[in-house]
Amino acid sequence: MNAAERAKLPPAKVARDGPRLTGAKLEERLAVTWSNPPGFIGWLSSVDHKDIGRRYVITALAFLALAGALAIVMRLQLSKPDNDLIGAARYNEIFTMHGTTMMFLFAVPVMQGMQIYLTPLMLGTRANAFPRLNAFSYWTYLAGGLLLWIAFVLNIAPDIGWFAYPPLSGPQYGVGKRADIWAQMVTFTEIAALAGAVSLTATILKQRAPGMSLGRMPIFVWATLVTSLMVIFSMPSVALASGMLLSDRLVGTHFYNPAEQGDALLWQHLFWFFGHPEVYIIFLPATGFVSEIVATFSRRTIVFYPIVVMALVATGILAFGLWVHHMFATGLPRIGYSFYTAASMAVSIPTGLQIFCWIATLWEGRPRLQVPLLYVIGFIFTFVIGGLTGVMIAAVPLDLQLHDTYFIVAHFHYVLIGGAVFPLLGAITYWFPKATGRLMSERLGKISFWMIFLGFQLAFFPMHIAGINGMPRRVYTYPAGMGLELPNLLSSIGSVVVAGAVLLFVVNLIMSARAGRVSPSNPWDAPSLEWAATCPPAKYNFPHIPIVDSRTPLWDAGEKMAVVHGLRVNDRELLLTTVVSATPDMREPSAEPSLWPFIGTLALTVMFVCSIFSPWAVVFGIVPVAVALFAWFWPKSLNPEREPVIS
Amino acid sequence: MSLRFRSSIAALALVLVLVGCDREQRQTRGKPLAETIPASASPDTVFPGDANLPKADPRAAAYEGNAAAISEGQRLYNWMNCSGCHFHGGGGMGVALMDDKWRYGGRIDQIVATIVEGRPNGMPSFRGRLTGQQVWQLAAYVRTLSGQERKDAVSARADEVSNTPPQTQTKREPLNPADSAEQ
Amino acid sequence: MTEPRTLAPSFIEDVSTLPTHAFSYRSLTWWGIMAFMVIEGAAFAMAIAAYFFLMAQEQQWAPGPWEPPGLIAGTAFTLVMLTSEIPNTMIKKAAEAYDVPAVRKLLPVMVAIGLLLLVIRGFEFNSLHVLWYESAYGSIIWALLFLHTTHIVTDWGDTVVLWWLMRTPHGEDPRRLVDTDENALYWRFVWLAWLPIYILIYWLPRVFR
Amino acid sequence: MRRGAAWLVLLLTGCNSYQNALGGDGAEGANFVQLFTVFMVVCTVMYLIVAAALVFALWRRRRTALVLDDRTHHQTSRVVRPALAAWTALIGTGLVVLTIASFFTDRTNAAQGSKPQIKITVTANQWWWDVQYRLPDVSRNVRTANEIHLPVGIPVKVTLKSNDVIHSFWIPNLAGKQDLIPGRQTDAQLLPRKVGLYRGQCAEFCGVQHAQMALDVMVESKEDFLRWYAGQLKPATAPANSLQLAGYRYFTTRECSTCHNIGGTPASGQVAPDLTHFASRRSIAAGTLPMARGNVYGWVADPQSQKPGNRMPTVGLSANDLHALVAYLETLK
């Protein structure tokens, strides 16, 4: 029977004579089908979204620790005026490493890691779309991070700041290979982010549990969808910009050379067209965490779900119209600035509405003050300050004073730590039992929360004052007598407190993972599907794909969980549903574990690193990359087995 | 984890060590080498095409292929208005620096001597006008114009009007026979 | 802390009768391909924006001493690309009709066309009348052409492998016909993306001279 | 609460007068202070509303049952909808007010530079400022470095250029910042309102010594300014004794003059700060060191230890040459 004939048969007539399985027997078979190959090779080959997501989060936390250590070094250097703890050149490398690592190697990847881990569980599916792409995403991210940090160890770290303005990063002033390493690191991380975003988008659109229409998706999934689309639309811009920078530096193009009618501002436009959305790529998943935590710990659904979703979408769209507010001091036509001022201020409307909905949910519900909710409360108290200083610097006359000062440093740490890291820590505490099967210590959790919350205010609030007192950002020293001694000393003390709190959080993580209280499958009595899986989830996530008919399936389920039956057990079969209403549509096999994504990353790494030195590396290096990709996509041998089905 | 980690470290370290990380070392004060003018390289010991070359100067190693030194040299090349006569290596009133013809030798210490002493037919002496370190930096840059320096230490172009191909692509011109014999 | 609710399954719906492949937006990979087309489309859009940004720096375009690029190679390339949509559509239709022999016959045509395009592309680089290091104008023209060439190369490689794959027994699997269908879709993106670039490289430097 | 207290304490203890965005000593600076106050008030009110609502929401049901009520977790009480409308209206109004305030302040700032009476070109270099006063009569132009003198109450137009990378010109007391971008020309308008000494600083990261790229700004009465200007027009003081003469000789014939210019002498380098009236300035090396004999010694002897990575090489002067040079430089009032 050839393909054409087979396809003409009505689908229901396909021969099925496998055993109908259920209960423990079914789980046994599924566990075999969905397990990784044994040993280290199997570990490298894993395409399980839970493995990938966990690796992403742990790696990102390691980079957080490294970049945090650099922050402490910087704070020590700045703790008193005219300090000579570290020299100017080293300081510049350190703040570049700190910013670059935090933005590209911590904030974006950690959010994506959480999304990769949680999304399929929340959607009630067994794997994400394109699992090998997802594995490739992680390896590429790791390669980019290693490139940057190995360069730092070898004393050729970039020293151009995390936004690398040419001409300082260009061929004449960016001496050596430092700027190239920065630009290639950006290429790695942006390929990783794009690969992850493609996988997440397809997962969300096609793999939702039957009945989970768009209007019933958990808000975190909405945030993930918006974020992934933002990655898809914004990252190409920085890819192009850093590609042009590399070609300026390597083959002497003139994109950023004013003497040959290039323009240094071209970089700033391209970079911030990516760079501003990037802030929301970090922040929106955090608001997703907040919505989930608030709903669970208030024990009621989020008030005005449609408004929260619209706010996410609106923020995602507005984010692309703001980039010029990073360039108010560049002397562009003044009249155009008003538009960007208005747009930048307008962003506070959707954010303000989200905050309203959270507070209203707490007000309507019965809040339980456990650690995840404490982080949310800390988030609101802190983030709102950052949001309001953001409104200030959207105004051109204010920005011209405050731009590039410590006021800005304070602002974006309030937004990024208060707005993203606090919810992240809450989210880690919240989903920790899901990933490990054990609960984190509540007592240690509370201590570290209060330390980080108060330490943060101590470290970053005085920076507002330092900025107003005339301290530009990115200075390795400052003279005495300018009113900068006290704010800087307080900041330094606060930063040490924050570091201690983060350390305590990590201690709590490790101790609880080993010996924490064993968690039931739904320890917080949460409403969303990930809590229908066991803690930690089985490799196949769900023995039966659940059917959903509300936004809070676990609260509304009653005694029994509605599920579908009829998926293969000897094959990694997924249920695809329609994009809007999520009615069951197709069954499709998901990719098996494979070493090729890892090999593909190795080939890519060789190509990228060598292309720092010679343009020909792109030509010759693409061949092994192509070989790896084709091996990766080559279908597995045709499977003549009959179709055993579940249930 | 550990194997993958170790192998990437090894691979990257290999690449980076091969290119030499000290190639980017900034020496702001010209230490520890004494920055004086090479005594052996006075005009009467250097003749066109002379095979009687003095031994290579040990200081050369600190400047040849050093990205920071070459970059400083590039800046000085403009500051000292070398391009006024030599243009961007193509030559004009002064001799071309992009080609393989080195009347007074193309080794870095020979170029240092040329800059310090000056040469007949218009090349002024910079003795006492530049510090020793600056002269060496300048000489290191001049060598890149004919592709003598490693490509990973030079910059593709400066932020100026350029009518030469990018320096990272400059073909390495052979030095004249007398010099190649020495090497 | 409430006790975990053990939720026993209640079997509501049988999905075993659902198909295991489908064309167009029902397929999962279709969404992946769309996402990649959006990514690459965004990259082209940014490159085009950069082109206009750099154009605004100049008094005339093409600037200074540079002649606008020669038209022959670029126009020939455009014509071949447009013509290639005929076999491309045929492949797409054949795949959707499960006509494996037709797909096997037509794919080498696309491979040959890709090869021809790459050869013409070589002549295009030669007819730009400017080098990438001569001015920002040269840089952006080369960048646009280079960016598009990478798409020709990747899709050509993809088509070669697909051709090979379809000649194996795998070709009988309807899921591979979905792949073929989506490869044809991607080729449409490649030539559609070329049209604005063709105008930017070859015609604007004449119009604004 | 914590916020307000911190503001108070830190502002009172940590205030300086000569590099402070809240100084308000120029027209634009004063506009900033006004607008900043408006924003602070509005933002503080908004913050207090959010904080109060959050605290109240948490406090309201803190002792009610801990068990999930299956029946009520979807219902919304009646007050929430009006509260949402009120909140949206409040944010909307607040933003409109702030946007309008910002727009009109920006218009005022832009208008104030329309009739400048003095034109200055400031060119940024890694890591110092080249300052040139431009007059219709070119022979009366003055060139100095790292120091600007301005007469009080007179509008000034500053043309901004860069010789290398992007810098940013920022004198917080007088006005907001403006970038100096190679290949582009930008402008800043200054209208100083109060006599005094201010400090400006580069605000865009520009390389290894970005931290030490400051600018002294003297706002003087018109008479003082004119007296200073007349002084600047004069050529450099001639050496008066043999030590100074030796310094003069060294300067004009050796490494110094390759880069530095001293008006009225053969030293005519153009790539480093003009030193014609070096000793009359307040600081050395773009605000790195205060002007004092010891600092001049330290700087000339080994600039790389004072400001590592800067473009002035350590020459390796002999003790005699160093004494002579410093003696000569000190005469350049």
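Letters A, B, C and D mark the chains as written, and numbering starts fresh at 1 in each.
One rule holds for everything that comes next: contacts are C-beta pairs under 8 Å (C-beta built on N, C-alpha and C of every residue); 3 or more make two chains touch, one makes a residue touch a chain.
As the structure is a prediction and not an experimental result, all values here were calculated from the model.
Seen from the Cα centre of chain A, the chain whose own Cα centre is farthest off is B. In terms of C-beta pairs in contact, the better-connected of the chain pairs B-C and A-D is A-D.
In terms of their C-alpha centroids, the spacing between chain B and chain C amounts to 46 Å. Remark: chain A and chain D have CA centroids separated by 37 Å (rounded to whole angstrom).
Centroids of chain B and chain D (each the mean of its C-alpha atoms) stand 39 Å apart. For the pair chain C and chain D, the distance between C-alpha centroids works out to 51 Å. Across the assembly, chain D contributes residues 68, 164, 182, 308-309 that each touch 2 or more other chains.
The multi-chain contact residues of chain A, meaning those touching 2 or more other chains, are 89, 167, 173, 251-252, 254, 257-260, 263, 525. Across the assembly, chain C contributes residues 2, 133-134 that each touch 2 or more other chains. In terms of which chains touch, the assembly is arranged in some other way, matching none of the line, ring, star or all-to-all patterns.
Interface of chain B with chain A (complex): residues 1, 3-5, 8-9, 11-13, 15-17, 19, 21, 23-26, 67-68, 71, 74, 151-153, 155-162, 165-169.
Residues 2-3, 6-7, 10-11, 13-16, 18-22, 28-29, 31-32, 35-36, 39, 43, 46-47, 50-51, 53-54, 56-58, 60-62, 64-66, 68-70, 72-77, 80, 83-84, 87-88, 91-92, 95, 98-99, 101-103, 105-106, 109-110, 126, 160, 164-166, 168, 170, 172, 175-179, 181-184, 186-187, 199, 201-212, 287, 308-309 of chain D are the ones touching chain A in the complex.
Contact residues of chain A toward chain B in the complex are 40, 43-44, 89, 143, 146-147, 150-151, 154-156, 167, 170-173, 175-178, 248-252, 254, 257-260, 598, 605-606, 609-610, 613-614. By the touch rule above, chain B contacts chain D in their complex via residues 26, 28-30, 35, 75, 79-80, 128-131, 133-134, 159. Residues of chain A touching chain C in their complex: 2-4, 6-8, 11-12, 16, 22, 129-130, 133, 194, 197-199, 201-202, 205-207, 210, 232-233, 235-237, 239-240, 243-244, 247, 251-255, 257, 260-263, 266, 269-270, 273, 520-523, 525, 532, 543-545, 547, 554, 557, 559-567, 575-576, 578-579, 584-589, 622, 626, 630, 633-635, 638, 643, 645, 647.
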